[in-house]
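In the two complexes below, subunit A is the common chain; its partner is subunit B in one and subunit C in the other.
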Partner chain A sequence: MINITINGRIVQAEEGEYLLSVLKREKIDVPALCHHDAVEPYGGCRLCTVEITKKEWNGWSDYVTSCLYPVEKGLIVSTHSTKVNEIRKTILDLYVARHPNSPEIKELAEQYGVFETTFETIADGDNCTLCGICTRICDEMGFHAISLVGRGHGKIVAPPLNEAPPDCTGCLSCALNCPTNFIKFKDEGDYRTIWGKKFELITCSQCGKKTITKEFAQYLSDNRDIPYEYFEICDECHRKQTALEMGKIANWTREEQS
Partner chain B sequence: MKKRFIVNPSTCTGCRNCELACAFVHAENGKLGKSRIYPIDGGFKDLWVPVACLQCDDAACVKSCLVNALKRNPETGAIELNHDICVNCKACVAACPFGCSLIDEQHELIVKCDLCGGDPACVLFCPTKALQYKPIDNKTNKIAV
Partner chain C sequence: MQIANPKQLNKIRKEYLAKQDQYPKKIMVCCGTGCIANGALKLVDAFRDILKKRKIKGFTVEALKETGCHGFCEQGPLVVIEPDGTFYSKVKAKDVEDIVEKSIKKDEIIEKLLFTDPVDKKKITKYNDISFFKYQKRIALKNLGKISAHSIDEYIAYGGYQALAKVLSKMSQDEVIQEITKSGLRGRGGGGFSTGRKWKICKDIKAEAHYVICNGDEGDPGAFMDRSIMEGDPHAVLEGMMIAAYAIGAKQGYIYVREEYPLAVTHLEKAINDCENLGLLGDNILKTGFSFSIKIARGAGAFVCGESSALMKSVAGEVGEPRAKYIRSVVKGLYDQPTVLNNVETLVNVPIIIDKGADWYKKLGTPKSSGTKVFSLVGKVRNTGLIEVPMGITLREIIYDIGGGIIDNRPFKAVQTGGPSGGCLPESQLDLPVDFDTLTEVGAMMGSGGMIVMDDRTCMVDVAKYFLEFLVSESCGKCVPCREGLFQLLKLATKICEGRGEEDDLEKIEKLSDNIILSSLCGLGKSGPNPIMSTLRYFKDEYITHIKDKKCPAGVCRDLITYEILDNCTGCTACKPVCPVNAITGNKKELHVIDQNLCTQCGACFAVCNFDAILVS
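So, the complex of A and B:
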C-alpha cells in the first residue's frame, strides 16, 4: 500500500493500480465515456484527464488520462483544477459539435458549463463516440462479432463486411453498455433483431416469458458446460420448481416427525 | 469461524418479512431494491419454502459469466456479483437452475443474494427462525451445536 494525495486528501492505494479506479473508490466524480471495468482501459474519450505532479518536479505538472495511469508513491493529483476543467470543457465542446443530438453528451457537457458548442456542428452526426466499449466487451466475452472498421472520418462500429455477423449471439451486451445508447435492437414477439441479424428468443415452457436467445444459450451450454435444459424455463418458474421440490422433502420430514 | 445460511421450511409461516427486509436493505436512491429471497408455496398445506441463493459449489451462474463478474467471497462463502464488471447479458439469470439470479428492473441491475456481506438482514427479521445463520464446524462441515 502506498499513499497518494488527491485534491489535498491523503488516500491509500495499491501500487500499480490505475488512477481512475482509485478515484472511483474514493467517490470522486470524474467523467468517462470509454471506461468499463469488465475490459482493459482504453484512453479513448480523454475525459478522465487529471493533473498530476510530484514534490520533486519543482512545480511542474502533467495532464494524463487517469484510466491508463498507474499510481506511484508520492503522486499529487487534482481532479477539478482550473486547467483540468478547461481541458474537459474543450473536449466536451468538440463532442457536442460532433454529436449534437445525443442527450447523454448534452447532459455531461452542461455539467461543465458547455451549453452550446463553439465549433461548427455536424447536424446529421450520429451518436457513436467510437469509444469501443461495445467491441471490447464483445471481444472480452469471446464472440468477436463486431469491430471498429475504417479510418479517420469513415471509422464506424460494424460487423464484418456490414453483413449479419455470424459470431453474434444476440446477448445485447454491446447495446446495453453503450454510453450514448447508439446501438439499436428490437425485441418483437419471438424474435430479437440486432446488427441486422434475427434471433429466436427462448420462450419459458411453463409461463411463456421470453428469456435469452437460443444462440446465446447454445453457446453457453457448449462452451461453459451448462445443461441446455437449464435455459428452457424462466427464473420465476425455476423458483417455483425449487419451492415444490424442497416442499416435498420438508413435507416428508414433517410427516416423519408427527 | 465459517457460517452457513440455513432454511427450515417447516417453521416458515409465509409472512414475507424476509422479502421486505431484503428489499429495504438493498434500497438505493430512495427506491426499494429487488428482494433476493422469496417465500413460495411449497405445494402442501401450510408449507412455505423461502427460496434464496444456495451458493452452490459448482455454480451455474459463475460458469455462465463470460466477464468473470461473479466471484466467491472467501470470508462469507457467498458468490458476489461485482456490478461494475457486470455487462447485463443476463446469462446468469437464465442459467441458474434455482432461479436465484434476478433482474432488478427499477435499478436496471442483475442482483443475487450475497448474504449481506456476512450479516443477512432476512435472518434478523424472521420471527419464527425459519431462516438462520449459524457457525459450522470447520472439520466436519456440519452445524456446530
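So, the complex of A and C:
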C-alpha cells in the first residue's frame, strides 16, 4: 500500500490501481460518463479529469483522466480545482450542445452550472454520447455484435453494415447499461426486437412469463456449461423451486430428529 | 547468394562499381510519383526503345536509371545526365530522341529543356546551379535522384549496408545507442524526442519481445517527404530499422505505410525480398547471430493512425483509436510489448550517423536540433517541392533563396508549418531559425515538415477554417474535447467567415481551445486548436475586421466581399462566359458590369481577367 494525497487528505491505495477506483472508494464524487465497472476504462468522456502533481514537480501540474491513471507514491490529486471544474464545465457545455434532449446530460450539466449551452446546438443531436459502454460490454460478453463505426463527429454505434447483426443474441446488455437510455428494444408477445433483429423469447414452463431469448440461452448453454433446460424456467420460479427444495430438506431433518 | 560477411558486401560493391564505370554517361529519369503522373514511365520506355534499336558507344540500357524523387515535382518529368549533372525539366517522350542524339552521343545541351530561373529568367544547365537545389543539404535524401530506386546492388554500391555491417561486427547494442544519443538525433515525425533515449528506454525493459515500427503513415495534406524516401530509397529505411532492431534487441519489425502510397509499398516489398535473398534480413544476418525480419502493415489512410498508440492498434488489426499514454508505447506498445516507433526520416538518418559518426552529424544544424530536416515547401512560392535543409536555417532563407520568393512578387503574409495542427507565422518571425524548440515557442511546430507559404490574398480566418475542417473530419471521435470541441471551433470560424461573428466569439475560441488542449486524449486533439490559436495570435486584426466591419481584407470570404469591374475594363468579354450565374453584362469593347444581386462571389471573373480590371473589396 502507498500513500497519496487527495484534496489535502492522505489516502491509502494500491500502487498501480486506477485513480478513479480510489476516488470511488473514498466516496469522492467525480463524474464519469463512459466508465462502467464491468469493462476496461476508456478515457473518452474526459469528465473524470483531475489535476495531479508531485512534490518534486516543483509546482508544475498535469491534467489526467483518473479512470486510466495508475496511482503512484507521492501523488497529489485535486479533484475539483478551479481549472478542473472549468474543463468539466466546457465538456458538459459541449455535451449539452450535442445532446440537447438528454435528461441525463441535462442533470449532470446543471450540477456544474451549465444550464444552457454557449455553443451552437446540434438540432438533430441524438442522445448517444458515444461512450462505448455498449460496444465494450458486447465485446466483453463475447459477441462483438455492435461497434463504433466511422470517425469524428459522424461516429455512431452500429452493427456491421447496418444490418441485423448475426452475432447479437438479444441479451440486452447494451441497452440496459446505456447511461442515456438511447438504445431501444421492444418486447412484444413472444418476440424481442433490438438492432433490427427479431428474437424469440423463452416462455417459463412454470409461470408462463417471458424470460431470455432462445439465442442467448443457447449461447450460455454452449459456452458456460449450463444445460439449456435451466433457462426454460424463469429466475423467479427457479427461486421458488429452490425455496421449496430447502423447505423439503428442513422437513426431512425435523422428521429424522423426532 | 547469401552474404556471409562484410567482406562479401564490399566485393559486391566493387564489382558493381567496376561494371558501372564502363559507362561514361548515365541517364537518370526521375520515377517518383509526381514525375510518373506527368509521364516519366513513357520516357523510360522511349529511352529503352531507342537504346534497343541503336548501338551507342559506351552506352547501354544498363546506364539508364529509374531514380527516386528529386523533390522538384512541379518541373517534372525530370531527366538528369550524369556525371555532368545536366538538368532537363518537363521532358516529354518526343524529346527522348533529341536527348540521346545530342546529349548522350555528343555533349550538346538542349536549350529548350533547361530550367528557367523564375527570378532572373535565365536558363540554367546544371542541377547544382539551380537555386532550389543549391542551398539544400541533402543527407536523408542523399540517394534520391542519384541511384536506381529498386536496385539493392546499386544501394550497396553507393555505400549501403556498410553501417549495418559495422554495427553487427564491431559495435555492442549500447555503443550503437550511445552513438545515436550523442548525435542528438531527434524524432522527425514531429515529436522531436531523442531517438537514442527512446532506444535506451526500450532496450532496458525486459520483455518477451521487442518491436521496431517504422511510421510511414504520412497524413498531412501536401506532405510527401516520407513517401519520397520510401519510394526512392527503400533500402535506407530498412537499414535504419535493422540498426534500431539490433540496438534494442528486436526480432520483428513492421513498416506502417498508407494504402495511398502504392509505389512505396511495391518498392519496400521488393527491397525486403531482395534483402531476404541476400541474407540481410532473416535468420543469422551476416552470420553474426542477429536475426530480424520486417513485415509491411498497410494503413487505410486515417490521419489519427499516425499517432503512436492508434498506429500500433492498427498494426495489430484493431480499430485505429489512440489510448491514454500514461504508460508510454515505448514501454508497452505493440501487443503490449516494448516498442520503438520511429518516423521514416528519422530512420534513414541512422545509417549515415553510424557511417560518418555522431561528431560529424552534430556539426550540422543547431546544438539542440542537430542534423537536417526535410520540408515540403508548397503554396505561393515560385519553386515548390521537397527540400532538405540544415536545422537552424531561417524561414526567410527557405522561402526566398530556395523557394525563389513569392509568386508575382506579391507581399508575403504567412507561412504555415507543421501540418494541419501546426501554426501560421507572420513576416515578423521570418528570421527565426527553424528548429524544434524555436518553432514550438512561437506557436507553430516542426511537425513532420509541411511548409505552406501564403501571400496577401490568403485570408487567415479562412486558413484556420480549412485546417479545422481537416482535423474535424480526421478526429477519431473517441474523446469529447476533440470530437465536439474542434467541431464547435470550426462552427465558430465558419460563423466569422460568413459574417455572423460576434464580439465575444474570440474569447469563446480562446477558452474552448485552452480546454481542448488540456483535456484531449491524444496529440491530435491536444494540438487541434493550433491553427486557430496561432492565426488569432498573429492576425487578430483580421478576425476583428471580419467580426466588426464584416469585411474580409484578403478578399476570400464570399459572404464578406464584392466584385466590381473598374474603368480600365477593355471589354474583352473574357469574364462574361465564365460567370456561372450570368451576372455580367456588357458589349464587346465596352465597359462590363456585374449585377450585385446575382453575383455569388465565386471569383471566376477575377481569375480570368487579364487587365486587373476586377476589384475585390
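We take it that the second predicted complex is superposed on the first by the 239 of 258 C-alpha atoms of A that agree within 3 Å, B and C clash if a C-alpha of one lies under 4 Å from a C-alpha of the other, contacts with A are read in each partner's own complex, and residues count from 1 in each chain.
As a working rule, a residue touches a chain if its C-beta (ideal position, glycine included) is under 8 Å from a C-beta of that chain, and two chains touch if they have at least 3 such contacts.
Keep in mind it's a predicted model, so treat the numbers as computed, not measured.
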item	value
Which of subunit B and subunit C A:Lys186 touches, first, second, both or neither	neither
Which of subunit B and subunit C A:Thr242 touches, first, second, both or neither	first
Subunit B versus subunit C as contact partner of A:Pro70, first or second or both or neither	second
Partner chain in contact with A:Lys27 - subunit B first, subunit C second, else both or neither	neither
Which of subunit B and subunit C A:Ala97 touches, first, second, both or neither	second
Partner chain in contact with A:Met141 - subunit B first, subunit C second, else both or neither	first
Set intersection of subunit A contacts, subunit C complex versus subunit B complex	none
List of subunit A residues in touch with subunit C within their complex	42-46, 49, 63-65, 68-70, 83, 86-87, 90-91, 94-95, 97-98, 118-120, 129-130, 132, 147-148, 150-155
Footprint of subunit A on subunit B - complex, ascending	7, 9-10, 38, 40-44, 47, 49, 51, 60, 63-64, 66-67, 69, 82, 84-91, 93-103
Of subunit C, residues touching subunit A in the complex	302, 304, 319, 323-324, 326-327, 472-481, 483-485, 487-488, 491, 495, 508, 511-512, 515, 518-521
Subunit A to subunit B touching residues, read off their complex	24, 36-38, 137, 140-142, 171-173, 176-177, 202, 211-212, 216-217, 220, 224-226, 230-231, 234-244, 246-248, 250-251, 253-254
